[in-house]
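Below you'll find the structures, each written out as structure tokens.
Look for chain A in each of the two complexes below; its partner is chain B in the first and chain C in the second.
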Partner chain A sequence: MALKWLDKRLKWVFTLPAVLFVALMMVFPLGYTIRLSFFEWSMSAINPPKWVGLDNYKELLSGERFWHDFGITFYFTFAAVIVQMVLGVLIAVLLNRKGKGKNVAKTIFLMPMVATPIAMGMVWLLIFEPSIGVLNTILKTFGLNPLEWLGSVNQVIPSLIIIDTWQWTPMICLLLLAGLTTLPQDPYESADVDGASAWQKFIYITLPLLRPTILVALMLRMIDALKTFDIIFATTQGGPGSSSETLNIYGYILAFQNFKLGLASSLLVLFFLLVLGMTLGVIWLRKRLEVAS
Partner chain B sequence: MMIQTKKWLVLGVSMTLVAGLLAGCGGKSTPNASEGTETASNANQPHKGKKLTVYLGNLPLGNTLKTMIPEFEKETGMKVEFQSFAEDQLSQKLSIQLTTQASVPDVFMLRPPQEAKLFAKNGWVYPLDELARQDADYDFGDFSESATQANVVDDKLIGIPVLLDQTVVYYRKDLLEKAGIAVPKTLDELEEAIKTLHDPKKEVYGFVARGQRSALVTMVAPFLFSEGADFMQGDKATVNTPEAIKGFGRYANWLKNYGPPGVLNMAFPQAWGIFAQGKAAFFIEFSSSYTNGTDKEKSVVADDIGYAVFPTGAAGSKPVSASTWALSINANAADKDAAWQFIKWATSKKMVGTLQKEGNPGVRDSVWNDPESTSAFPAELVEVTLENSKIGIGHDRPQVISVGEAREIIGDIVVKAMLGEDIQAAADKANKDFQALIDKEKLK
Partner chain C sequence: MKRRGMISGYLFTILTVFVLVVFAFPLVWMLLASFKTQIQMQSTSNFFFFEPTMKNYVQVFQENNFMKYIYNSAVVALGATAGGLLLGLPAAYSIARYRMHGLALTILIARIVPGITFLLPWFILFNNMNLIDSYTALILSHMLVSLPFIIWVMIPFFESLPNEIEEAALIDGSSKAGVFVRIVLPISGPGIITSSLMSIIFSWNNFLFSLVLAGEKTKTLPIALFNFISYSEVNWGGLMAAATVITLPIIIIALFSQRYVISGLSAGAVKG
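Right after this comes the complex of A and B.
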């Protein structure tokens, strides 16, 4: 009897663990965070969370710090993603050419991606160290002026972008390489017949054909870059001053250094909406471009 | 038949999956301090067979303590399980675990100047007054007054201090000798000496100290105290008084004009790195990390380091002499007395003496007057420590509940001054924000 009942609902039974998992590990935390964002709570065991309505959101949105960090988050994300996309496309096209040692080059090139970000942050911290770091030693050998890198208000974001680019360009490359291998050969052959240069082939054939892959890579990397936390935390913790403090770092400080769980939750809700909005934006862009072509 | 088997297989697999999932969600059974009480027959080992979980900060003290645990286990018949975390991770781990009212850990380390008020307010710690004072042998009066202060919240003792932190001026003996400069006694003299020894072309900077916003607050504190200022007076924020601005300004200017490049991004490990690599003449930091300088594997100037008392300002010499770490008992620990046995052992005269021999400055007055216990320390540093204990101030950061937030507000004054912004405007803004924070806490 039970078996018969089970047999009829087999598709539900088999998906149940996954559904439970999603509900427990994703929907519940999200719902809890949203709920907590309307409360004030310092994690106290004696004083329960206090309902404050939209006060947390008001406090955030009217504060300078939120908008400052908002700006930093976007500066970092866009600059990093643009650099990585350009480099990623170029390197992918290079690696896609036939030749000896291609696989070795690919493997070496993909290495940064598998390194632990926190550990790499520590290593880069030493590389960037202005007095005893290797980068300034190199600059000095070539007679160039040493830089302050992570210790300077103006150079800190570019320095972080260097780390991020080093680590994540390989991922874009990997995605684009997969896209490149699926491209049809016919357009290239007819272009050869027409006498097109390599540059023309790249601009007029490779890029347009690769566009869907590029957009997917762009979307994945953008979401990831918006959420960057590890390398910033390991190298500057948002400093000097607050010049590399992104929204994520701010959220961490609010929750785990200042113990303002409600305020931190409302920040995360706003951040969630932001990422969601950006993702929908890219999806919309992709659809539009597909229709146009 | 075949179909039957398949069905059973399906049922079995799905049940296993669901069961596995549910088991994953339930808390794993935690070791309980009341385990095995029936074996506790020996009068000298009333807690025999019990198991304690202890969370430690990742510092030399914790590592030394770990190596001596077998002794404690043998003495009491208890089992001790250790976990160490870096300070921020320890705070997070504790706050999350204690919020859920878990009975583990039984004993943990906390940073009283940073967290005592928060932990007490949240009901996470067990008051230790009775336990500490009931035992004459333990001699609680031996703990230095300034160090225990930070562990008292609303007249309740919530932790036993384990490590002494004092402001020390580290300097390069060889550089001072070569330039014919005496060890500076006043802040003005120190400024002159820093200026003279600052030689960026040779990559020797006059001064190094923490420049990271929150981290620097505990180092700028003696600059304020020695000018007659403090972070707050009663319930009033006082970070924009002329005295305070003089203190903040001096610290910021030294780092800005005579500090190494990138100093804005330096907390104590990086600042120690600069000094230990022989790239700075003067360095102000806590005494508890002095081994970074004397350890020849880490330091190229191990034999050239001198130690001096914080120089005098307008209000005298006011270094920090505080206990920045303490051992506390979880308010929900299963057996408080068993937990206390561990703290009692770890902070006994004998243990503090032993730990100190390994270079961990202790908080008991008796060990500092015992030549054997101070044998690990450079003689000059012992002198400085004894002097600091007399004149030192018992706090190194604002005494509020939200210390983390207050440190950010206050550290910002120095950061802005170092970036060339108007220090008075920065201090006024900080004072306003800090006052708002104090007022808000008063309402709670």
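Right after this comes the complex of A and C.
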């Protein structure tokens, strides 16, 4: 009897717990953050949240720090994603060549992705260390000037991009390798008959056929790059000065170091809208490209 | 023609090896440095040949109580994975069988929303409920990463299962829920292994949620490692030993279950 009741509603009984959990842990908190963004509150029990309307948003949008961090976020995201997409496509094609050791290569490539980001931040801190770091030792042996890497206002973002590229290019390769195995062989065979070079095959066959996979990889990587936290926090915490302070780091500082919860909430709402907007942008781009092809 | 092909073949092999060496380098470097003394660390002549010391590891475990943090990380990772499977497996099955793709998409919003956006309300809420520095708060927060991930990996897996076995069991008079428990789950081993491994890895690596919600009692490994840096002078050997202790279990899991981890990573391509 009970089983019959269950069977009729299985669809909902099976999904309800997961849906409730996600609603309670995500949808409700998201609404709470939006609400809190109209208040001023520093988590004190004596002073309850005070309604300030749009003041938090005005304060953020008219302040220099927000726009500075906005710029840093974009600089980091776009530079990192472009470098990683180019490298990722090239390395994927390189690894896709037939031959022994393909699985060994995949295994080695797996490691940066699963290694604990915060631990890897510490390792890169040592590699970039100006006096004992191995990168400067290498530069010196080639007679080049040592760099300050993470310690310099101008070099810090490129240095962080190196770390991010090391960790996440393999992810792009993995997605592309999966895409490469599904490609049809006929175009390559007829290109061979026509005497096309490896480069021509890459440009005129592989890249266009891989475009859907490339766009998915691009979207996933972009969302994650926008949200980068661990590596930046582990290595620079936004410094030197505020030269590597992204919106995500600023949100953390406002919320959990300064306890300006209202202001932090409005920043997080803006940040969320930014990530959402960029995601929808890529989805739109993908649709357009699909229609065009 | 043939000659040119062979030369470019060698060139590609050399290039591949070079790329792999570059990508493996930081992990090799971490391992080497974890066996070096502070003085050996400063020597630029003996990168690879030196007398290894275990001092750093002894220090990590004796003076810094890393066993406790390993325990905390394991409790949270296993708890979040168990919870994620409990809620996620039935949900994914239902979504796959009844084609509830709208629902699947809604749950995947968790992939897009920056974690810090719901971390702030959680902090306020858990603080009011006296749950900061509790396993409950950590497990619940890590579950929000693992649950959508498990659902995402399991939907295509359940979809790929042949329908005939389930239909045969239904004709034999089994209930739908019974079919799920007695037939579908037992043949879903590979999918469950894949999603569990990924969930454990993401939870083990999670930094932000634990940074805010953990305290002295429940501090996980990444937080302990972060606190290891003292600003006056960095004890690089100790730091690298601690980093190795955190990373090694995950790397070993990944190496031994390579097939599952690769399919998990490419199916979901999710990180917290």
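One rule holds for everything that comes next: the second predicted complex is superposed on the first by the 285 of 293 C-alpha atoms of A that agree within 3 Å, B and C clash if a C-alpha of one lies under 4 Å from a C-alpha of the other, contacts with A are read in each partner's own complex, and residues count from 1 in each chain.
Here is the rule we use: contacts are C-beta pairs under 8 Å (C-beta built on N, C-alpha and C of every residue); 3 or more make two chains touch, one makes a residue touch a chain.
Only a predicted model underlies this, so the values are computations on that prediction, with no experimental measurement involved.
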Partner chain(s) touched by A:190 [first = chain B, second = chain C, both, neither]: neither
Touched partner set for A:29, first chain B, second chain C, both or neither: second
Partner chain(s) touched by A:257 [first = chain B, second = chain C, both, neither]: first
First (chain B), second (chain C), both or neither touched by A:265: second
Touched partner set for A:42, first chain B, second chain C, both or neither: first
Which of chain B and chain C A:151 touches, first, second, both or neither: first
Chain B versus chain C as contact partner of A:240, first or second or both or neither: first
If touched residues of chain A are counted for chain B and for chain C, the larger one: C
Contacts of A:130 with chain B and chain C, given as first, second, both or neither: first
Chain B versus chain C as contact partner of A:200, first or second or both or neither: neither
Common interface residues of chain A - those touching chain B in one complex and chain C in the other: 3, 6-7, 10, 13-14, 17, 21, 43, 129, 131-132, 256
Chain A-facing residues of chain C, complex: 8, 12-13, 15-16, 19-20, 23-24, 26-27, 29-30, 33, 41-42, 44, 47, 86-88, 90-91, 93-95, 98, 100, 103, 106-107, 109-125, 127, 140-141, 143-144, 147-148, 151, 175-178, 180, 201, 204-205, 207-208, 212, 221-222, 225-226, 229, 234, 236, 239-240, 242-244, 246-247, 250-251, 253-255, 258, 261-262, 265-266, 269, 271
Chain B residues touching chain A - in the complex, by the definition given at the top: 7-8, 10-11, 14, 17-18, 21, 25, 88, 91-92, 95-96, 98-99, 101, 118, 121-124, 203, 211-214, 260-266, 270, 273-274, 277, 279, 331, 401-402, 404-405, 408, 412, 415-416, 419, 444
In the complex, chain A residues that touch chain C: 3-4, 6-7, 10-15, 17-19, 21-22, 25-26, 28-30, 32-33, 36, 43, 91, 94-95, 97, 99, 103, 105-120, 122-127, 129, 131-132, 134, 137, 166, 169-171, 174-175, 178, 198, 216-217, 220, 223-224, 226-227, 229-230, 233-234, 248, 251-252, 255-256, 261, 264-265, 268-269, 271-272, 275-276, 279
Chain A - residues contacting chain B, complex: 2-3, 6-7, 10, 13-14, 16-17, 20-21, 24, 42-47, 129-132, 146, 148-153, 156, 235-237, 239-242, 253, 256-260
